[in-house]
């Protein structure tokens, strides 16, 4: 069950970095939805490696093949199976990690948990898995097409976009390689990533996501609060170390008299420190949250580590890796948010009995 | 299903603030565990109102009655039902919110979602529900008695405990009303809460939780990563706005060469920015995370709001409320962490087939 | 999770035969339903012991106390907690089974599985648990009040009601102690049960259930077929050995040209050997199924058995037991059917997104 | 979620009869199991069309391609993805059912439920789906290799194998086309099927399954009783109308004094009317159950039916269909039984914490 996401609208996935293909099954998708497959591929291209100079230069076409659940262009209500073939199956790049554990990777924990490990490219722990999620998210976006989901890079290392999201134009997100809608900040971020890349190092960052046009009432009380589901989704992404929504950690420094969102007569609020959710349920205001990504663990520098027998060995990153994961994480954040929102839209439709 | 927590070791709950009783059912508890019911009550007392001068002065004895699943002092493997009677059923305190929506409370969203609302004390949205969680956590702690879970107040407003957790003694946590193990900081926090209380205001804060002696291998890949489950659990607590583990949001500012945890020969790491989890699976190092709580929304000051018909009305907090929720949140954080860890211990036992 | 029934409309239960109380939590009940609590108690009375001369003479008032989820007579969408106090806690009746295993009871398997066993009255394995189910079913019936569910006794031992259900009046079901709507057959069944009772023996039987006025479209494809969910529900009842729907086991003897239900122009069918379900989905015709109950294992005769140490011992049934479980099973069958139908009505409402 | 089978060891599936491929994802398979892929293919061949003269003459190679979760011949604990390409995509055979509803098929209910329908070969409702189940079952059998699962044809129409299963040799099951271990009966069954086939008709039958060498303790109380899970699994197979285990419907005619299984000193029982399960939990004796299959609905005779607009039309079966589904159902029954047993073995391993 660990490979299934969602409750009603679910995505179940499989696949290793260097196997023949990865893929998944979307279940619970309502029938009768006209699926635009080009839009799905567009989202895949936003995530794929090699798309710009500041991301990994690996080449993967990342073409999705849908195998079921769609008939004459429409969803039928049946489960939607898909695969994405792996172009990149050269496993000689990974002989050096066959018996040694990369620092701050999951090699050690998988080895101890399972006793057997597909070491090639990290196997199942590879972020290649997130290509499956983007497929699920791209379908979800078409199910809840009224809801607008925009994620963007809000910081790289110490460089933050200082403007509030209300002051930028989301149409700019795709206009630069780092996916920050504020052009001046984007340039600084790109320069920083290039500098880090030259050092053979990597750097962390944050992604902010804004969800607009959400109806009031999404979210289930107690253990399926909307923000808790969003948080769990984001914490499932490789390299994520933190999640906050609305006022977040800043809110923990505030007083109630400062923090409370006062109602307007129409039920909207004058401020939105709540982040669009009250008691776990959407209130119709913008939902926004921020996700923290640690720096990529694979660096092009020598590091000391251990092998399976506990011998200390030296390791040096090989292959083509991202100096900063954040630009490619933007569509992944959106994809997971779209699946969560779709799931809660469906869960909320119950009350119509 | 929104009222059930966990997958194998589950807690399903019911109850409103001003009903006759709240309660729950613990399912999936292994058989043959000697349950110390005094320990359960001790945890209840840590959470209950009226325990010190800096928390709400409401009186609730919060006595747990176990109704099943225990025979001659041991768990039988059957579901464990329990109830906690509500002493405090005076609902006249709440007539003023019958038709009006309290700012930054869930009154509005529940009303819109369900069309009907038990307004007395917030009904199902009341943090009284967390008393049920403490019961579940107190049982869970006895199932995984080798694992040590310690939460404490790490900040109140702008006052932070600056020392790393390794430099304080967890035995001090219960020695002061605010549950900060650093006595000097605790005094400042208490003074700050008293000041805020006099203003009729409230203040936010953070709780840090440290989990020690965790075996390697807990956590399931992809969508049930250990930290994602902990994050979702914490984000289920009333007033929580953020969750971070290990390096957290600070990690997003760092370089890979700084952030990677280098292995010792025995599989431990020299640093622990990972926070005890790699790839979603525990690595045997300390697990630690931090939870952000916004200030309590009910303040003893006049606030403008709206009623059901959209009329603007003035509202003034009544009753006995916490000026800062953090001290009483400490046992709640521990309880949820204990349930998550128990669940994952059980999930991990599968591989023994 | 073994103590939870359903997916969306769920019932989670607890309680042993001789504990202080049994009870449960109904989750996923839509908000705004006016609950008639007298109707709930009426269903409880149909199941309770001591109601007639042909059932066990134990006395249990079986009064349900609702503790949450209902406000001013209506469901609020919150979980509905309830308890039923056990009047009958005399455990001296059960000392003789403390160390010995009753034949064809679950004493042996529970002892081997859990190592600890609440032997009093069978503990968790007692059919007392089904009182909780009747509460869940009585609430469910009010959620789907348009759907008509009628179960009745269709055989006791070798005595069968020969008439098809279309030729009897369901209003007669409650007119006799055995709950068979055909009066002549009912009399024979009652005579047979009285005869068996005098012998200190017990006898099996079957219950037929007819569900009418079901909309087309209930049931989910592949692994949540409507009849599969009904079958699983019925097989959960103590003493059930078989389930068939529509033509059932007789259908396995037939030819396709005999068995196919030919359509009328309006989508109804001329015959209904399908039993109202095609491909796991309701087709709007009557759903009907039959459930087989073995004879009650506790007999008032001496039987040889073994104790915990494998010694052969003689055992003699004590206490007050049913000579035939079928009359009291009728409301239990209905209750589970009602919960299944409610769950699938809710599951089917998804498509309305 | 309707396309997922199981709780811990799960199979999620996709695919239509005439799409490019069907397939599935096995999740929760323990790591380190050496998978014999030839054995998987052997099971596929037992199910596939065209294998003998008494089954459909369609040709499908039914080759399974595993795409993940296996490394160097062993399971890794990761999800196992697989696909089976459809050789048979000629959809012109199905133009006649594009707008008309076949009697006793799911065309009508799917059309009404979803509004859109992949009519080619029945789409998702086709028994082709069961090829996916056989893959899941073939993997499951290797996880629980100590448990012996044997299904066989126990009746075709009115022809029953009269011998108890203890008196036949399961090694004979594969020795004849109808899969009945009693050769004399098998011959009669085959003759009957050939006769029916000539008439352009079809006939029902039953499959009996015997599960041996099961440890004591499998099954979870109350709502996950072992026989209830087996029953639900069997009722998920296309054309199944009934399920009984142990004494089954015959048990409903018996007296307690006849039906009770008396213990031997070692905990085994002298008789086994219980069918190896007490209180939902395996007792170590043979588990056996019987499954009723209705006759295949597609017959090679003219039948009256309706089209989408309610017009009465005449329909005549086309294509290559089974005159009797039972011989090919045998490996499907075993596959589902194997998945259920594996799931409950894993669920039972929890108590080892």
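Each chain carries a letter (A, B, C and D) given by its place in the written order, and its residues are counted from 1.
The criterion applied here is as follows: a residue touches a chain if its C-beta (ideal position, glycine included) is under 8 Å from a C-beta of that chain, and two chains touch if they have at least 3 such contacts.
Every value quoted in this text rests on a predicted model; they were computed, and no experiment measured them.
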More contacts between chains, A-D or B-D | A-D
By mean C-alpha coordinates, which chain is most distant from chain B?
-> D
So how far apart, in whole Å, are chain B and chain D when each is placed at the average of its C-alpha atoms?
-> 46
Report the inter-chain centroid distance for chain A and chain B in whole angstrom, where each centroid is the mean of the CA atoms.
-> 27
Express in whole angstrom the distance between the two chain centres, defined as the mean CA positions of chain A and chain D.
-> 39
Provide the list of chain A residues touching at least two other chains, using ranges where the numbers run on.
-> 1-4, 7-8, 13, 28, 31, 77-79, 113-114, 124, 221-222, 351
Any idea which chain D residues touch chain C in the complex?
-> 1-5, 7, 13, 101, 103-106, 108-110, 112-114, 124-125, 129, 155, 157-158, 196, 199, 201-206, 216-217, 219-225, 227-229, 231-232, 235-236, 238, 241-249, 251-267, 269, 273-275, 277-283, 292-299, 301, 303-306, 310-312, 348, 351
Mind pulling up the chain C residues that touch chain B in the complex?
-> 1-4, 7-8, 10, 12-16, 19-25, 27-28, 31-32, 65, 67-69, 71-72, 74-81, 83, 113-118, 123-124
Chain D residues touching chain B in their complex are 8, 28, 30-31, 77-79, 143, 221-222, 345-346, 349-353
